[in-house]
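Just below sit the structures, each encoded as structure tokens.
Each of the next two complexes has chain A plus one more chain, namely chain B in the first and chain C in the second.
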Partner chain A sequence: MAKVSFRNVWKKYGDMPAVKDLNIECPDGSFLSVLGPSGCGKSSTMRMVAGLEHITSGQILFDERPINGLAPKDRDVAMVFENYALYPHKSVYENMANPLKLRGQDASVIKERVTAAAKLLEINHLLERRPQELSGGQKQRVAIGRAIVREPNLFLFDEPIAHLDAKLRAHMRGEIKHLQRTLGTTMIYVTHDQLEAMSMADTIAVMHDGELQQLGTPREVYNHPVNAWVAGFVGEPAMNFVDVGVEDRAGRAHFIHQNFAVPVTEEQQRRLSDGSRGSALRMGVRPDALSISMTKPSDSCITGKIFVTELLGGDMIVDVDLDDCRIRVKTSTEFSGEEGQTCYMTVNTNKWHAFSKENGKAFF
Partner chain B sequence: MDLFRVRQFPDSVESRPVPMSVTEPASLNKPRSKSFYFWLMAPAILVLAFISIYPFFWMIYMSLHDVDIGHVEWNNFANFIKLPSDTRFLMGWVLLAQYSAMCLTLQIVIGVFLALALNGTRLEKILVTTLLMPMMMAPLVAGMVWYFLYNGTFGWYHWLLQSLGILGPKSILASSNTAMIGLVLVDVWQWTPLITLITLAGLKRVPQDQLEANMVDGASPFRNFVSVTLPNLYPVLLIAIMLRFMDNFRFIDSILVLTGGGPGNATKILPVYLFEVSFKFFKLGRGAAIALILLVVTIILGKLLVRVFDRQQPSKV
Partner chain C sequence: MASREVIQYETPLSRAFRWFSAVFLAFYVVWTVLPLFIMFMSSFKDLLEAFKLPAVGDWAGVTVFFEFTPTTKHYYELFARLGFTTYLFNSLVAAGGSAVVSVILGSMCAYSLSRIDFKGKGDLFFWIISTRMAPVVAVMVPLYWIFRQLDLVGTLPGLILAYTTFNLPFAIWILKGFFDNVPYAIEEAQMIDGATRFQALRAILPLVAPGIGAFVVLCILFAWNDYLFAAIIGSGGAKTLPAATRELVQPQNIQWGQIMAAGVVTTLPMMFLGLVIRKYLVTGLTMGAVKE
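Up next is the complex of A and B:
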């Protein structure tokens, strides 16, 4: 087990930077999820940790010990690949025994450890099979089994459950989180699925275009995104963005839009005055921070027209047309609005966000 | 201006009976009767029978008879019975085994090594093309080229090896100790590129993620080669071995040009002996008997290789 630190890490392919000046501290025993869309540099980051990719500049340290020059086999990490990368000519047992065998362990130790890992992952009845006789979920368990048979410094999981079907994926999220808690080994988990990152990680590193956007707990990233990009990427359904103006009315700043004028809170007013007062802003509000009704609750509400309603079983998503954009609202299934009708939405002002229109930085 | 009209959904949809088709629709993949395919293939079968099947049976017929011009006589398996006591026939097998084993070993080792060295380099394409040139040469021409290089009076290799003190005054092909090596070198020169080419193709499909997984698991580059690359190369290598050993059993063009089986009988591998018996001594019956045995052995060895190949392939379920 180890603490992992990235210090000013760069990765360039030719002149193309894939990872730009990355600084992350991942404490011993914690679960770090690197989250970002494809091409954001998250896989390059992981491959640099594993030693499969050369570090262009900067340092990666395990327990303050730089590992830049070490070969993959000397880094003592265990990795699970997106496509599982099982050896097709070896049985499940041999696949899982491989890391121990390569490290010269005794046959009795190997047997004990592989059996224990197989039991933990509930694949002990598959040990004699070949990988091509397994289902996707089973292959993925074998790949994880190969990683946990020894006690490495660090687990590296590269989108390990991306190829499973939705139901199995939900199941494996819980399993992997539980496994990491049980073993207590530091884990870096790369994914493009914000749900996976939110539900499993202690810390999320959100990356975009090779740059670290935000590093924080799932709550921080969800409730206090540092910029509009993070706010839009994290959360499902995605955050609504509405361009608004700011105006002082009776000593309180209001967000002004054709469809509404809503006052901000005192705390928010203070934050706004530090930034650019009066200029155009982008208001961000998550679908669950809006409540919708067919009767007008107050003057400071948003008026819109229902475009379509989607029933998701437990709750309902309502798409509402404003004059210049369309927003989505999450509500209960009791909501009875019909398409084309006028509706009214109230914002939970404690849960909304304001971003600069120029650079996307969050005011609150 | 309305791009989309609002669709009106009627309360009830009128139900119409589905018309039963009287004639079956023309289906693209409807299986046809076997005889239809037979007639399609008949011309090809006829040609094949004429150029391949007829000579095969004619060979079996000849192997059981004394064959002379205008005279064929049944001889109670004498062609086969005499063979075990024919020392040149037996020696032919030994020499063929030596020749084939040396050629295959050198070609596989050098070919795989070259492929590994070339794989992924910047000059891979141009170097592979250059390497392929010997393969495109007719074996007879290759034999002639090497005949000149080996020549005792003006051969460049002969001169080089002699200047280095490796070779005595006798030329490479004239000494019974070195003649076989001379022949093997020609075969290796001409056919190693084929192995390189096949191996390169095989290397391209070695899964990168398995190599990386094994590296993270703790494998050294050599272990990685042995435990991931090589198992993935087995199928292509077995095909290469099969092709080459069958060629060794058949192609004697360059040998005929270079030594003709000499000096003495030092390079008279079985196919050369067979050629001699049939077309120099015109003992066509005996030649046919030898050819038949050679064919059967080739088929058996080929079958064995295929069986190894099947076992190497992971079982499919």
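Up next is the complex of A and C:
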């Protein structure tokens, strides 16, 4: 087990930077999820940790020991690949025994460890099979099994459950999290699925265009995104963004739009006063921070027209047209509005956000 | 997975075609098997019996073809008096040796071309294939001169080198395709598991085994059946079966019985090899044998 530190790490392919000046500290035994869309540099980051790619500049350290120059076999990491990368000509048992065999372990130790890992992952009845005889979920378990048979410094999981079907994915999220907690090994988990990162990680590193956008707990990232990009990437359904103006009315700043004028809280007013007054802002509000009704509750509500309603079992998503944009509201299934009707929405102003239109930075 | 059944419905045309193909195949079988059969039979016949033929139109007279006293004297002559044991040995060594050398060098070269990106890789690969574009006859004279300078004419190493020169580009070309089909992630997984770069390469060799098997066979066939190199580079000290057989045709006297026996000796090992590795050869040449 190890603490992993990234110090000013860069990765360039020719002149193209894929990872820009990355700084992350990942404490011993913690679960770090690297989250971002494809091409954001998250896979390059992981491959640099594994030793499958050179580090262009900067340092990666395990327990304060630089590992830049070490070959993968000397880093003592275990990795689960996106496409599992099982050895097709070997049985499940041989696949899982491979890392131990390469490290010269005794046959009896190998047998014991593989059997224990197989039991933990509930694949002990498959040990004689070959990878092509397994389902996707089983292959994925074998790949995890190959990673956990030895006690590595670090687990690297590269989108391990991206190719499973939705139901199995939900199941495996819980299992992988439990596994990491049980073994207590430091884990770096790369994913493009914000739900996976939110539900499993202790810390999320959100990356975009090779840059680290935000490093924080899932709660911090969700409730206090540092910029509009993170706010829009994390959360499902995605955050609504509405361009608004700011005006003082009776000593209190209001967000002004054709469809509404809503006052900010005192705390928010203080944060806005750092030079943003009068400039155009982007208001961000999550679908669950809005409440919708068919009768007008107050003057400071948002007026819109229902575009469509979607029933999602226990919840309902309502798409509402404002004059210049469309927003989504999450509400209960009792909501009775119909398409084309006028509706009224109230914002929970403790849960909304304001971002600069120029650089996307969050005011609150 | 979807069914791969090829469906066909009966039409008058398809019926006619089926009838036609049956007739065609029957002729084709006779065309290809009959010479081998005659060669095999004649190798056990005395010269006089071998040339006994029925009159034209006398179909019942075909039986004379089977009326003979079997003799193994031609085989005895070949091995006891004409030194065909040595020639058989030379053929085996030349074909096997060049196959082994080509497969070792070829797989390493193909692996590099498949895995490593470097400047001018496309040009290099084309250049390697292009060495096979010139007909063997065109390069024979310069090659002979070079071999003469190196004292390799008439030696087995010389012959192996000559065959390798022509088999290696072919090996690289075939094997590169097979390495391309093996996902690089498998080697990466090996290295993470604790393998060195070289151990990782060794670990994926079983995945390209069909390609290596297919190539070894093609390589052996090329060398085994070759006459031109054998006659010019191997002449004298490293005479192989085809070259030795050609020498049985003498100006005054063509040794038909011995030629037939030599033909059988040359053909049988390759037929046997074909039977043994038939399965490999088929999967091998369909390429893409490794699925992710």
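Please note the rule applied: the second predicted complex is superposed on the first by the 363 of 364 C-alpha atoms of A that agree within 3 Å, B and C clash if a C-alpha of one lies under 4 Å from a C-alpha of the other, contacts with A are read in each partner's own complex, and residues count from 1 in each chain.
Methods note: contacts are C-beta pairs under 8 Å (C-beta built on N, C-alpha and C of every residue); 3 or more make two chains touch, one makes a residue touch a chain.
What you are looking at is a predicted structure, and each value in this text was computed from that prediction instead of being measured.
S.K.: Return fit or clash for chain B versus chain C, each positioned on chain A through the superposition.
M.R.: clash
S.K.: Quick check for you: in the superposed arrangement, does A:R130 touch first (chain B), second (chain C), both or neither?
M.R.: first
S.K.: Applying the document's definition of touch, where does A:K167 land relative to chain B and chain C: first, second, both, or neither?
M.R.: neither
S.K.: Show me the chain A residues, by the header's touch rule, that chain B contacts in one structure and chain C contacts in the other.
M.R.: After superposing on chain A, chain A residues 50-52, 71-73, 77-79, 81, 83, 85-89, 98-99, 102-103, 132, 146, 156 contact both chain B and chain C.
S.K.: Provide the residue numbers of chain A that touch chain B in the complex, in ascending order.
M.R.: Those in contact with chain B are residues 50-52, 71-73, 77-79, 81-83, 85-89, 98-99, 102-103, 130, 132-133, 146, 156.
S.K.: For the complex, which residues does chain C have touching chain A?
M.R.: 183, 185-186, 188-197, 199, 203, 206-207, 290-292
S.K.: Which residues of chain A touch chain C in their complex?
M.R.: 50-52, 71-73, 77-79, 81, 83, 85-89, 98-99, 102-103, 132, 146, 156
S.K.: Which of the residues in chain B end up touching chain A in this complex?
M.R.: 207, 209-210, 212-220, 223, 227-228, 231, 312, 314-317
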